[in-house]
Structure formats: structure tokens, C-alpha cells
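Multiple structures are listed underneath, in C-alpha cells.
One chain, chain A, links the two complexes that follow: it is found with chain B in the first and with chain C in the second.
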Partner chain A sequence: MKVKRWKLAAFLLPCLLLFALIYLIPLGMVFGSSFFEWKAGGVFNFIGLDNYINAFTNDPRMITALKNTVIWVLMQSTIHVGLGTIIAFMLARKMRGWKVLRTIYMFPNVVSAAALGVIFLNVFNPKYGLINSFISQITGNDFVKNWFFDQNSAFITVTWSWLLYTGMIIIIVLAALLAIPEDVLEAARIDGATEMQLNLQVKLPLIRTTLGTCVIVAATSMLREFELIYLTTQGGPGDLTINLPLYLYKTSMTDNNYGYANMMGVVLIVAGVITVYSINKLFRMNESDY
Partner chain B sequence: MKKLFALLLTLAMVLSMAACGAKEEKPAETPAETPSEAPAEEAIEITFPTMWVGTSTMTQWWADRIAAFNAEYAGKINVKVEEIAGDQNYVDKMKVLYSSNSLPDAFAAGGYNLIDSMQDQLVDLTPYMDDELKSLASDLCWEVNSRDGKIYGVPQARQVIGYFYNKDLFAQAGIEKPAETWDEFFVQCDKLLAAGITPLSMDTADSGWVTSLMLCAMVADSDAGEEFMNTNLPKDYNTPEFIQAAANIQKMFQKYTTPDAVGGAYENAAANFFMEETAIIANGPWMVSDFYDTNMVEEGFAEKIGCAMYPGGVMYNSGKIGFNVASKDEEHIQATLTFLKFINSEESQRLMLEMTGDVPAMEGISSDNVKPQVNEVLALGDAAKRSINDFQSLWYANVVDEISVQYPLLAQGQITPEQFAQALTDAAAKN
Partner chain C sequence: MKKKLTLGSVLRFLFLGFFVAISVGPLLWVIMSSFKTNKEILSNAFALPSSWAPVGYKAALEMAPIGTFYKNSIIISVVSTVLNVVVVSMAAYVLARHKFRGNTFIVLLLSMSMLIPTASLLMPIYKIMTALKLLNTRTALILVYAALGLPTSLFLFRSYFQGIPKELEEAAYIDGAGFFRTFFTIVFPLAKPGLATGAILQFLTSWNEFMFALILTSDTSVRTLPLALNYFTSQFSFNYTAMFAALTMVILPSIIVYAVLQEQITSSMVDGAVKG
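Up next, the complex of A and B:
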């Protein structure tokens, strides 16, 4: 059936208007104002690329935030997705209780970030936290470590609060694994493929685009991560666990330096576009194998 | 049939959207319909966001006062209250509203100084000063809320802060009375440690209120330091007094406090004091009501608590930033001032003293229902050799925030006291 153009336009228009109003115009404002010195009290002067130049040449906190963001994006794209994929492959064998395990793995994904933050603060509390108490029990000595604020443990402790909780990745990969046509697997088995070969050389390549989706989800989640850091370390000790969204928030809310904060917003958007484009290319997302 | 169904469906959608988007209009009242009635005067609505919610010591007082105001001014002034829990959240929200030029009619940031950063959108209250308004606070309090001879805030309370100590724990350590010098103070900390008692409650989060009170009291232990602690918006923290005080704070973090101090907030520090795990906490008299709250402390806890002046005779003893007004027109300014006069009336301030222990801005308010520690703190304030203002009222907001970033580094020896002072100086330079 051929749909008339005006009808198409009429139905698309509300959506396009909303998109322009909620995303496009604010995006343009963010981009435009990143070239201004815009501070509280009505300061609004065009300064060209000064915000960008200052950020990359004269702002150690910006460099730390950018570095941490990149590290977390890489860790989430590799370790997080890798772990989730391995667990999904194990669950796909449908051993006894696999559905229960799948549900358990999803628990952290259904708890709000605020609640998770409080849980982690308590688990890692230096006085009464679960981890310190457990170590004290095992060693028989009083063990005290301020996990979130010790220079040596803060980064990894914050990372812990999202890196290992792979419920979403498991669900996506598992769905893809269970959707692989049985005749493909049967053919491989007839050709003498072992279980390991079946997993690595047949199933894994077949779910390539799904893995790409997982990597995009994981990587972009780290470009947006804010709540858990804010609720636990607030970027500390010092700037050890600060990332771009948190620095953006502080620059805007505490320093009231909106132009500089919007510069960070632009950097984040550009980083997001590059990340998604690279992953699309790497996983050949627009090509299907079956 | 299909076309008809689609048409009906589209029509229904359009109508429902129109209904959702339609502005709610009141039915027009024509004089013909109500010939004998005078047109009803509409109540003026003013907006006021409050942080006095949940576990705030002011919650009960605020609930009482707003109920009383609503009863007295029903149909005339309607206060639209927005609840925002937490000082920092409140301040952040005000900053967002300021940046979009939409500050509420009145706001009170719990002593945080928003006057200097938002002055251009605040109402200069000087022309509105009448005898009634002036009598609500002492000259000292009005002074703190003024800039260049113009008044930008209606004071609510005085800031009188020393520290509280646990007399039982002091006795266990063989300490007879609070220290008069900082050297003696640290000797007492060592005695407490030797007796197996953690001397100090400290914190680093949310500007490290408890810790920073100690820091600034140490800074003020000299003429130059006292002057620094009465200077509005200082830019340079690289002073010998400040660096020495930062060095002492570093020592306190490393030796005399609990493991959860670094990263902990006021609530953690207070909990340690309430559970008698620490012997000393710096804070104001509004904390006294908690000493009697058996949901928080054990029965009889209050009797163990004494009040002390900081070594060197230093007390926080100043006015406090009060209510700021940002109404956009004369009608709302007048309504807001009526509200503030009620909320800061003699009765309201007396109730505040009784219910929260906060010290009224008005001189001469007293009550028989005040907890003894509150009176002790007030007496100490009157006897202080050096009176200072607090850092949240004086320093740039981003410097106050930077403290929380730098304290953990200072505590763990990652930076020196000199670097700590420089970091705050750098933050101040951004303004």
C-alpha cells in the first residue's frame, strides 16, 4: 500500500517537533555556548576556543576526568561485556536452575542507582562494612580499610560498583544465543565440531552484532555514569575517581561556570559519537550473517 | 469501515491531546450572576523552598510555624512550599534557579552565603526597613546580611558555636576540664587515646562541617587569624595561621579520629559522638535537642555532655545569613515580607529557641524551656575572647566545596598543608 507523503509528514511532524524542542535546540545551545565565557551573574562573552584550549592545556582535573572516563569505557566494553558473555554462554547450556541464576544476575539492574550507592557505601564502610568484617573474621585481626577513600583502593572500589554486574549483557547475549537456528549448530556437530569449537567458532561469530550492541550499551553507559560516583566518592579522594559527567556537574553547579561545563558536554557528545561509530565499524553492525 | 474507524481514532486522539493541553480556565464570573457579592480578593501566592524536612532539627518548628501562618493569613497569602532535603541539594537548586533568573520569592540556605553570588537578583530590603522589621534582629545580624550598606537578608538566627564533649569519657581519661590552649587540647587527645577512647568526631563530605569548624577555630587563635576568619570572601589562604591549622587537622585525621571520618558526612560524625565512640564534636546548639532524643541516644546521654569554648577563647559568635528575598514585583515583595515578619516574629524565634536550640537573631529572647547546654553555649559566646564567623557564611561556595575534595588528600598525607592552602586559594581565584 502506498502511503501519501503528506500523511507521512503529518504523522512524523509531532515527533520531529518534540525531538527538536527537547534535543536539537538544547544541543545547539550547548554547542554554541561552549564558545562563551558564561558564568553566574550575567557574564556572557564570546571567547572562541578558549574553553577548549584551557581544558586540554591548563586543567589537570579535566585531564583526570577524561582519562578516568576513557579507562572506564574500555573496562566496561571489555571486562564487563566479556564476563556477561561468558556467563550467558554457560546459562545457554540450560543446566539445572539456569532461569533462577539469570534472574539473580538481573537483581543489580533493577535496583535504583541511589539504593545501590547506599548499599555499596555500607558494604565498604571502614567501621562496620561487610568486607572489612569478613576479612577481620578470616584473619582474626581487626582489619580497617577505608575502601572508597584510600588512594590505593578508591578507583577499583568505585569500579566494582558496576563492572561485575552484567545482568543486562547476559540477557541480551542469552537471547541471541537461544535464537541461533538449531540446524546451523546441528550441521557443525555433524562436521565433528567439539563443544568448545561450537562456542568459539560458530556461536560467537553468529552473535557478533549482538555483542556490538552490548559493547555500545556498556561503553555509552560509562560516558553517562554519574549517580554511583556522586553517591559514593563524589570524585574523591582528590580527583582520583572523577569522570566527565561529574566534573561537568560540579563546574556547572558549584563553580557556576556554564560555558566551561557546556564545553565538557560537547566533548562528551563527540566522545559518544566516536565511540558508537568505532564500535559499529569494529563489529560490522550493518552486516548480518544469517 | 476501516477509513471511518481510522478517522474516529484520529479524532479521539486529537481531542484527547487538546484536552490535555488546554489551559484550565476558571468559569468567568459575570457581575450579573453575583450582583450582590463584591469580587473575592485572590490570595497572593509566594514561593518558598525549605530544607527543614525529614530529620532536620528545624522540621517540627517549621511545620508549626507554617501551619500558624496559613491559619492567620488564609485567603490572603498562600505560601507554596517546596521541600528539598539536604543543605547542599538546596544550595545547588538555588544556583540552578538563579542561573535561569527564577529564584523563589524567599529562600533560606541554612547559613550558606548566597548573597554575594546572587546579589543582582535579590531584593535590596533597605527601603522596606521599618521598626517592626528592624526589631526582629540585632544590629550584628543585620550587618552579616548587608553588603555596602544595603540589606539583602532577613536574619533568623545567631551563629554561636563551640564544641561539645563527653564528660564521662573525659573523666575516664583523667581530664578535668576542656583545654585552654591548642597544645593542651592535643595533650588531652593523647590522654583520651591512652584510655582507649577516640578523641574526635570528624568528617570530610559536604564541606566537612565538623572538621572545618575545628580548622577555622584554630586559624582564629591569633589576631591575624581572627581577622581572617571575619573577612568576607577571602582569596588567599596561604597564611601562616591557615597552614598551621591545616597541619593540625592533618594530625587529627591521622591520629585522633575514627576510620570513617575520611569520606564521612556530618551524620557519621554525629553518630560516633552519640554512640560515645568519640569524646568531642564541634557543632552549634541546634544539636542539643538530639542529645535528648532517645531515638538517637541512650537515656541519660544529655547529662554527660558539656560545652566548651575553643582553645584560645575562640567562639563562632556572629550573625547568620538569613532569608533572602527575590520577588519580582512589589505585591510579592510585600507579601513575602509579611511572611518573613511572621516567621521571624518574637514568638517564632522563641519557639525556635525552645524547639531547636538555635539562637534567635533578636536580642533578649529567653525561655524557661531551653535545654541547659543551649544556655551554656550562649554564655560561652558572651565570654569569648575572640569571636569569628563561620566558613560557610564567609567563603566562596566553590571554596567550601573544594574542602571536601582536598580533606581526604590531606588526611592521607597525599598533599601537604601548604598544598591544601594553595588548592583553596586556586579555587577562590576562579571567582
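Up next, the complex of A and C:
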């Protein structure tokens, strides 16, 4: 069947226009203007690599934001994915109530991240929060700690709001585990594999690419993380919990320093490409075992 | 067969129980607190409310236009989902079915959008919307959201179209149906399950999005539900009951809809992550 070219073009055009408007043109602007001093009030001068040089030699805030982002990407790729995978393996035994548990673990993920941020702000509230009340109840003493705004606890409290909520990982890994053909497992059992060996030496290697997908989902989510920080600590106290998206937001929307903000955009994009590429390599995502 | 109570099973129970507690605990506490008075909230976090009268809900509805936020969220999510599904499915169909020069290039170009952390495009998108005079309109959010789901939808739809046998379309052509009619009356209905998956994901993305809503809108008349919460934390800073009631009104519908449609939503999320 031969279809006229203009008809094909007509079908492609709306999608390409949308892509150009929201991705391609912005991408060009981000890369291009990262070499300019571009500020509110019509300041627009070519300054070469100055934004980049400044960021890495002269801006402690940028270094902190970058460092936090990397730490969170690493924690999310390992601890978050690890916990979710362990829970998925437990649920895959299909004990009584496994479906209910799967549903419950997804609750924090289906509520919007913005709502979750406000919930955590209350849960960790020093005056009436759930955590302080819980500790007071157990110890019998009045316990007061301002979790989100205390130097010592801010980072770990912000991290809590995403690290332990692994619902997404659980459903992805669980789907892969339940899709493993029963005869493969049966063969291993006949060969005398224990339940532990079955999990570690048969199932885990079989879901390798799925785990890779999970690590990509988890790692890239940390390159996007914005609302859970914005609605709780705003990056504080000081710059203790700032990350790249939040710093970028503040630089462009509060300081109106557009060129500098777009330099951060380039750093984020490069970080994203490196992250996805290395996880692809690490998990040999393009190779199939079957 | 009766299971023995071993150390392993006790540990497993505690481990899974801990995650149940941190997942449900805060949500139940929010809902319970929405019925308590300020004094009750401050005195004991675990006590049940003395009355279940919806005082906080009345106060919250009087203090913030939650109805407007809901309306905006529904309009924006529905329109951006329809836009995404129609526009992306048309492109995905051409890219899945028709060989022409540049096909692979277009697929590669479009898939590039998957690699970009969207926060990096925040400032240019703000400038573009300002230039198009779309700042502070629902249209701006509809366009941005439809694009956010573009890569995921594209891959879901393309692989779905590739799985539909060609013979049906060929038969339609022989019967004299044109290209457009074949797509909208034969292919589109056949691809419903695949399109539904993309639509569910697209709707969830739009419904929950916060950052672009924050920067692209400023009036309560066009703002969406996730932003309502931002508004509550400052507005209701001394009326905890109303704040908890507002939170409940935001989270409860999501949880109920998820609980009811969980099979479809769960499989969509898995498909979206694995194929997208």
C-alpha cells in the first residue's frame, strides 16, 4: 500500500511541532545561552565558558547542589532499588495478602509528590508531628526535634521522603518475577536448588534487564526531584539539601540569571545522558539471555 | 499444611510491616487529624477525634477555592491526555507502518526527549510561553504536559501498532477506505488497549505535575490541585484542622481511584517503565 507523502507528513507534523516547541527549541536555547551572560533587564553578552568555569571554581552552592544530586542518585540506585527488589521477591512467594501489600506500598506513589511533601512536612513537624509524638510516647519524655530544619537531621529527613517508598520498583520487579516461566524454576528445583539459590542464582540473573530499567527509573527520578525539597526545606538549612533542579529554579526564577541557569540545565542533561548510558552498559541492557 | 513460626518468618513479617506502617501511617494520621480540633492535634497525635463532624472541611472550602483547583486539574489532565494520545498515536502509526527516508532519524530525534531531565528546560519553556502570550493559562500547561508524556506514549503506541496484523488495514484499503479513514476507523479502535495504557500514564503525569504548574501559572483561577497544597501551607498555617482537611481532599480521590483501577494502572506503569 502506497500512501501519498503529504498524508504521512500530515500525521507526523503535529507531534513534531509539539516536540519542537517543548523540547527542541528549549534544548537549543539551553545550550546556546549557557555561553552568555543573560540576565533580566536586557543584559546579553557572549562570555564563552565563563558560566561553566565560575560554577566549578567559584560557586560553593553549585558544588553542594551537584554533590547532593550525585549522592541522591547513588542512594536511589542502590538502597531504593535494593529494598524494592527484596520486597518484590518476598511478595512473589504469593503468601496470603500479597496483593493487598502491593497496593499499600503503591499508595505513597499514587498520591502526588506535592501532597506527599506537605504530608511529610506535617509528619516531621516539631510541635504536633507524628514522629516526635511517637518518640515521646515510647520514651515517656517530651521529644522535640525540628527534623527538616535542624542541621543534623535535614538531609536524612528529606532523603526519607523518597528513599523508602519503593512501590514503583516493587511493581516492576514483581511483574518480571511473575513472568518467569514455571518450568525454568521447576528444572532448577529438580537439580536440587534451595529457595535461596533459586532466588539469587536463577531469578535474579533472569530479571537483569528489568533491574537495569529500575535503576534507570530511580536514578533519573533524582535528576528531576524538585517538589519534595521545594515544599519541605526549600534547600535549607543553609544549602544543606539543595539539588540541581532546585538551584536551577532559584537561579532563573528568583535571581533572573538566565544564562547561568541554562548552564546548569546543560550540566543536568549531560548528567542524564551519562547516567542512562552507564546503567545501560552496567546491566548489558541491549543483550538478551534468551 | 501449617507453617511453622520461624525466626525468618518473624523477621520477614516485621520487615514488611515496617513498610506498611510508613506507607499507610502518615495517610491515616492526616485523615484522622482532619476531624480533630487544633487543640486535639497539638495535645495528642494518636488520640481519636472527639467528633467526626466535618468542621475542618467546611473551613478549608471557605478558605481556598478547592473546587476551582479540582476543575482546572480535570480540564488540563483530560485535554492534555486527549491531545497526547491523538497527536502521538498518529505519528507512532506512521513511524511503525511506513518506511520512508528519515524514519529512523525521526524516531531517534523524538526518543532524545526521554533522556532530558525536564527541569533543565524550565527557563526556556517559561520564555517561550511568555512569548506566545500563554503564561498563566491552562493552554500552556496542556501543551507542556502533552509533551512530557510524548516519549513514553510514542514507544508504547509504536510497539502496539507493530503488533497489529497488517492484513486488516490492507483489506480496508481494498474496500476503498482512504489513509485517514483507515487509521481512525480501523487502526485506532484496534489499538485501544495500547492507547489506554498511554492515556492512563499521561493522565497521572498531568494530574500530579507540580514544577511547571508552579512557574507557568500565577492566578488561582487557572492553578491546579498540586499547587493548592502550596497555598494551604501558608494560608492555613494556624488552622491545622483545615489544612489536614484540605490535604485529605487532595489525597483521598487519588487513593480511591487507584484502589479501584489498580490492575490497569499497575500494568500501565510497568509497561511504561519497561517499554518507554
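Note that the second predicted complex is superposed on the first by the 274 of 290 C-alpha atoms of A that agree within 3 Å, B and C clash if a C-alpha of one lies under 4 Å from a C-alpha of the other, contacts with A are read in each partner's own complex, and residues count from 1 in each chain.
What we mean here is this: a contact is a pair of C-beta atoms (placed from the backbone, for glycine too) under 8 Å apart; a residue touches a chain by one contact, two chains touch by 3 or more.
Computed from a predicted model, the values in this text were never measured in an experiment.
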Chain B versus chain C, judged by how many residues of chain A each one touches: C
Which superposed partner A:107 touches (first chain B, second chain C, both, neither): second
Touching partner for A:269 - first (chain B), second (chain C), both, neither: second
Contacts of A:253 with chain B and chain C, given as first, second, both or neither: both
Touching partner for A:168 - first (chain B), second (chain C), both, neither: second
Chain B versus chain C as contact partner of A:196, first or second or both or neither: neither
Partner chain in contact with A:133 - chain B first, chain C second, else both or neither: second
Touched partner set for A:150, first chain B, second chain C, both or neither: first
Chain B versus chain C as contact partner of A:220, first or second or both or neither: second
Touching partner for A:26 - first (chain B), second (chain C), both, neither: second
Contact residues of chain A, present in both the chain B and the chain C interface: 127, 253, 258
Sites on chain A touched by chain B in the complex: 40-42, 125-127, 144, 146, 148-151, 233-239, 250, 253-258
Contact set on chain C toward chain A in their complex: 12, 15-16, 19-20, 22-27, 29-30, 33, 41-42, 44-46, 86-88, 90-91, 93-95, 98, 100, 106, 109-110, 112-113, 115-128, 143-144, 146-148, 150, 154, 169-170, 173, 179-180, 183, 204, 207-208, 210-211, 214-215, 225-227, 229-230, 232-233, 240, 243-244, 247, 250-251, 254-255, 258-259, 262, 265-267, 269-270, 273-274
For the chain A and chain C complex, residues of the former touching the latter: 1, 3-5, 7-8, 11-12, 14-16, 18-19, 21-27, 29-30, 87, 90, 101-108, 110-115, 117-123, 127-130, 133-134, 137, 164-168, 171-172, 175, 210, 213-214, 217, 220, 223-224, 226-227, 230-231, 244-245, 248-249, 252-253, 258, 261-262, 264-266, 268-269, 271-273, 276
Of all residues in chain B, those that touch chain A in their complex: 92, 95-96, 98-99, 117-118, 120, 204-205, 258-260, 262-263, 397-398, 401, 404-406, 408-409, 412, 414-415, 430
